[in-house]
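Below are two complexes that have chain A in common, paired first with chain B and then with chain C.
After this line comes the complex of A and B, so read on.
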């Protein structure tokens, strides 16, 4: 098992390198930091623009590979992600925003997975009953609702609740109440309450998507001979379903978890903007607008690490559920 | 006295059991009795309700099934019992062995863990004790190195091993009843013989009663004490096994017995039951067999006869008494088709050679690696095949799964240069063919596949299906328009059916369509790849008769591939036996079947159960040990020696020859059509 996972880890490390280089090359050639400086008033001289660009390692007259080399060397040797277009440290922004986003992404996606698996399995067992049809309808409504619309609806709901009761029942801006007094308990409660709506807007999409696939894999398993064998041995229906059915039905899902994470990440960019969270997604949109190459690359690096890490976690999950792959 | 009373009481009593799936009935009133320790065989064709009956006893049917009637285990009613109570009986009092041993084990758990689970559901054992018991069970069913086998996953076992493990799991809690649903249908005949032996042993060890569900009359004849024959969701006849086979009282039973080809008698047309098994969805009033019955009378069409009779021999037929008295042979009741004499009457040596294969080999690489594939070994799928077919004769190709039969066929049909060896079709060496030559020659060799559903395009009307080979050979339009109705008539279908689609036909009819398609371009050689193994016995007989008739009329040559030796015996003129990619014996059917020279052929023949209880009990069996070795290892010497009973009995001196030299295919005597690849053949 260790050997198998080590091998997979090696693949992911190589993939990460490729991904980061491609992201860098793409951002560096698609974005135009030069035009950002040239558009300043009063218009700086060409030599001054060049100087500023070179200082920030953004000069498009230097070959991309060479710029990447400088950037990568700083990253590997000093853990330095470079300077933003405003000549501040990318690391500072990164450090501030990464935990905001991770909190949202991790809780949102894990909740989506758990609810999706549970809902899909439950739906399959109750195939064609009212509850199955209701969940199916609910999922399709959610699937056809874009994340930003869902987030806006949730936010408007919270606003309506505030208008109706006269006080903020569920917070809908930011990730904490500024200047809140009290101990760690009060802060935790405050954080959770702030997390509620943004997390829901991500998790509901996951629930809808995963539950459809999980229902399909579970239905395959429900008709399988080995489930019947498990019952013929003397397990009750529910014991057989959980021990022999669900486990085999989750295995094909694990790869899906990993790669649909990217979709959740994209969705999170909207969620963060709508709920006023200063996270990676918001930063990404802002950085693209400002032609801020190094910040865009930093967000890409984050996304690549997160996606490949979840790919690796999916492998761990597969290996844990299906011992046959551990070779 | 009291013990007598208990002894004679039925262990299991099924009364008026009925199962519906929605509006469609699957079982319509089944009565069964099972005594302690006895074996009850339930026999019937697909859709007769035999498996559903077995599953209904354990309450294992899907939720869409509604079950009525009564199932009593030692007097306790099981129908309607809550799931929790039923679970205590399943695997404990009544255990089940399923058909397909690959899909019946959960793929992600080790064999040992699954048996341990079965033990610990019903007994308070700690893990170590349960594991020890599981190893004992695996040992009992004949799995070598049981301690190690516990840690294997299901996919690491061969089919036979898995079915042994399944039996071990079933007897783990010393059940009173074993329900086996087609336990050997997915297995090769030599492995079937092993597994049936294990089943007998398991029954002996536990004293359990056995309910054996099977479509195979031979298996039933060899195992059962009593038999129940099912048709259209009901038991139509039940009796002791000898009585039933010797004096059937229901025309359906009589027809089944007549429709089975037998290993111990060759030739002659089989007695097919006309029509198709009744569809349970819309049964006409009266006896469901009336539409196919040659003895039908007007009263049969109004009321369904009850199961009645004397001395434990019951039949659901108004003319049962008459049959009991007259005791006719199947051919006296059912219309027997006449097979015209063969069109070819010249002696074999003077006839034209249709196919000659010498030293054919085919190797597949074993690849490894996700991105960069590298060759880590070879599968020697075909490794020395010799075939010889002359005009107007049928060569039966016999071998178990993995023996290279299919690979051989595909190499023939490729019409290209073989890896090594030589293929001559109608005198032309296929290695020297160009594209045009191969295309032309393709009209002379056609194939009929095993699965008639999968080999017909569901979106083409069958007229187009049959016309396709003609189009491929650029036949003129008028010829196609003339040939299609002619071909349909030739295979026993109506020319008016040309507009219909494959799904509107039954399995037997679909196989007839496949045959018509293959005959369209007037081939000289027809390759038949397991053409009847997907069909029910009563339907199979009709297709086999058709093949015999076509051969005689058209002077065709057949290469007939089958795992069923009885069918081969019935249809073939010559036979060729393969083992691990090699031809080990060949010759005329009489010679090979009556005086087999190769020990593998002997074991193969002795593994086939006969649908005749006294004969089945009386014959001596040669049980082959273990499974065939992996075809990825190339062995020196004889490939069969790891399982050979002759080799096992030799002294070290004489064994050396088997270990060093691969035996060539040698003639039994000059001029005799019988050859075997064995250093020490039977005289």
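After this line comes the complex of A and C, so read on.
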């Protein structure tokens, strides 16, 4: 098992290296920081633009490979992600925003996963009953709603509730009430209320997607001989289902988790922008519009690490559940 | 279990009559209510998208200054926006663009996915390793990030460039599935026979491999249309897709968002049509999967026992 995981880890590390280089090369050549400086009023001289660009390691007259080398050296030796286009530290922005995004990503995806697996398995056991049909219809409608639209609908609902009652029932901007007084309890309650709508817009999509697949894999397992054997040995139906059925039915799902994380990441970027969270997604869209290469690369690096980490976790989960993979 | 039985008895019962499989698929399709309902909705939406401009005399761009932000009425069926433009004409036009983009993206990405997947699975070795690495590499980043970085470069190139860009980052997962299906097909007798007869590998892929994965490809392409429409609207919503003067459902949603609580007709017609279309597509896809995919989990044991006879 350790050898298998070590091999996967090495593969992911190689992927990460190539991917980060490509992301750097792409951002550095597609975005034009030079035009950002040239558009300043009063217009700076060409020499001064060049000087500023070189100081920020953004000068497009330096070969991309050389710029990447400088950037990578700083990152590896000092953990420094470079300077933003406003000559502030990318690390500062990164450190502030990463927790905002991770909070949303982790809670949203784990909640979607757990609810989806549970809902799908439950639905499979009750195949063709009213509850199964209701969940199927519900997930079909959710699967057909893009995340940004779902987020907008939730937000519009919250606005309508505010207009109807005259006060903000469920907050729909930001991740905390600015200047809130009170102890840690009041802050926690405030945070979770702010988390509610953005997390829902992520988790509901996950719930719909996973429950469809889990229902399918669970149905394949339900008629199997080993489940009947387990019951014949004296386990109750529910014990057999959970110990032998669910375990087997989750294995194909673990790869699914890894792939769908791409979608969840994208969804989180939209959700952040819509609910006014100052996270990585909002930063990314802002950085593109400002031609801020180093910030764009930092977000890409974060995305790649998160995606590959979830891929690796999926491998660990598969190896833990499926004894055939371990050798 | 039922699928297993039909698959196993199918060749004996129906193989002699040509078109037997087609008839079987058709009868299963008409039995699936989802396909019927979904197909009808998609058909109606296409009629609306392409016939709509002819049944209203309003143009999507020309403003009517006598009616600013009017609610739906007899003259303006879906109301008007702040500039006095007819929302029905705009919605129909946006729907048209979104549908075309969705269809083209699904077509392109399915072609790329089937070729890359079949080549990787058929040739194996270094070609396989290289293509798999490429697929994994493209999967490291959420495609949204890459499309967003590139799209400002394509400002002048119009929506066709956007279609190519969407398709370029939409084929990887399908390709992985095709690859693993091809790897098991490669060992089958008819492929072996073709190899021993000296048929060119690319010809084998086109003649023998791809027809055998066609049912998966059809289902996947159907669902991909819905996915592509969702990506298109999302990217256009954030200003990285279709741009003015073109309209799509995404740009309409972006324009209507802020006014949605007060002027709902600017937002909910486009939103409703978007969800309705993707929902109909998903219903069709689900029905197609049940009706014509012989490679579902339940059918696999039947296949292996047949080939070992």
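By definition in this document, the second predicted complex is superposed on the first by the 327 of 327 C-alpha atoms of A that agree within 3 Å, B and C clash if a C-alpha of one lies under 4 Å from a C-alpha of the other, contacts with A are read in each partner's own complex, and residues count from 1 in each chain.
Everything below uses one rule, namely that a contact is a pair of C-beta atoms (placed from the backbone, for glycine too) under 8 Å apart; a residue touches a chain by one contact, two chains touch by 3 or more.
Every value quoted in this text rests on a predicted model; they were computed, and no experiment measured them.
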- Message: With both complexes overlaid on chain A, does A:277 touch chain B (first), chain C (second), both or neither?
- Response: neither
- Determine, under the contact definition given at the top, whether A:210 touches first (chain B), second (chain C), both, or neither. neither
- Message: According to the stated criteria, A:175 is in contact with first (chain B), second (chain C), both, or neither; which is it?
- Response: neither
- Task: Using the touch criterion from the header, give the chain among chain B and chain C with more contacted residues in chain A.
- Result: C
- Message: For A:248 in the superposed arrangement: first (chain B), second (chain C), both or neither?
- Response: first
- Task: Considering only the touch criterion stated at the top, classify A:257 as touching first (chain B), second (chain C), both, or neither.
- Result: neither
- Mind working out whether A:163 is in touch with chain B, chain C, both or neither, as first, second, both or neither? second
- Query: With the two structures laid over each other on chain A, which partner does A:237 touch: chain B (first), chain C (second), both, or neither?
  - Reply: first
- Pick out the shared contact residues on chain A: the ones touching chain B in one complex and chain C in the other. none
- Note on the structure: Listed in rising order, chain A residues that touch chain C in their complex are 15-16, 18-19, 22-23, 26-27, 30-31, 140-141, 143-149, 152-153, 156, 159-160, 163, 216-217, 220, 223, 259, 262-263, 265-266, 269-270, 273, 284-285, 288, 296, 299-300, 303-304, 307-308
- Message: Using the touch definition from the top, list the residues of chain A that touch chain B in their complex.
- Response: 224-226, 228-237, 244, 247-248, 251, 321-324
- Within their complex, chain B touches chain A through residues 58, 60, 83-84, 87-92, 95-96, 98, 100, 103-110, 117-118, 121-122, 153, 155, 166, 169, 173
- Note on the structure: The chain C residues in contact with chain A across the complex are 1, 133, 136-137, 139-146, 148-150, 152-153, 173, 226, 230, 233-234, 237-238, 253, 257, 260-261, 267, 271, 274-275, 278-279, 281-283, 286, 297-298
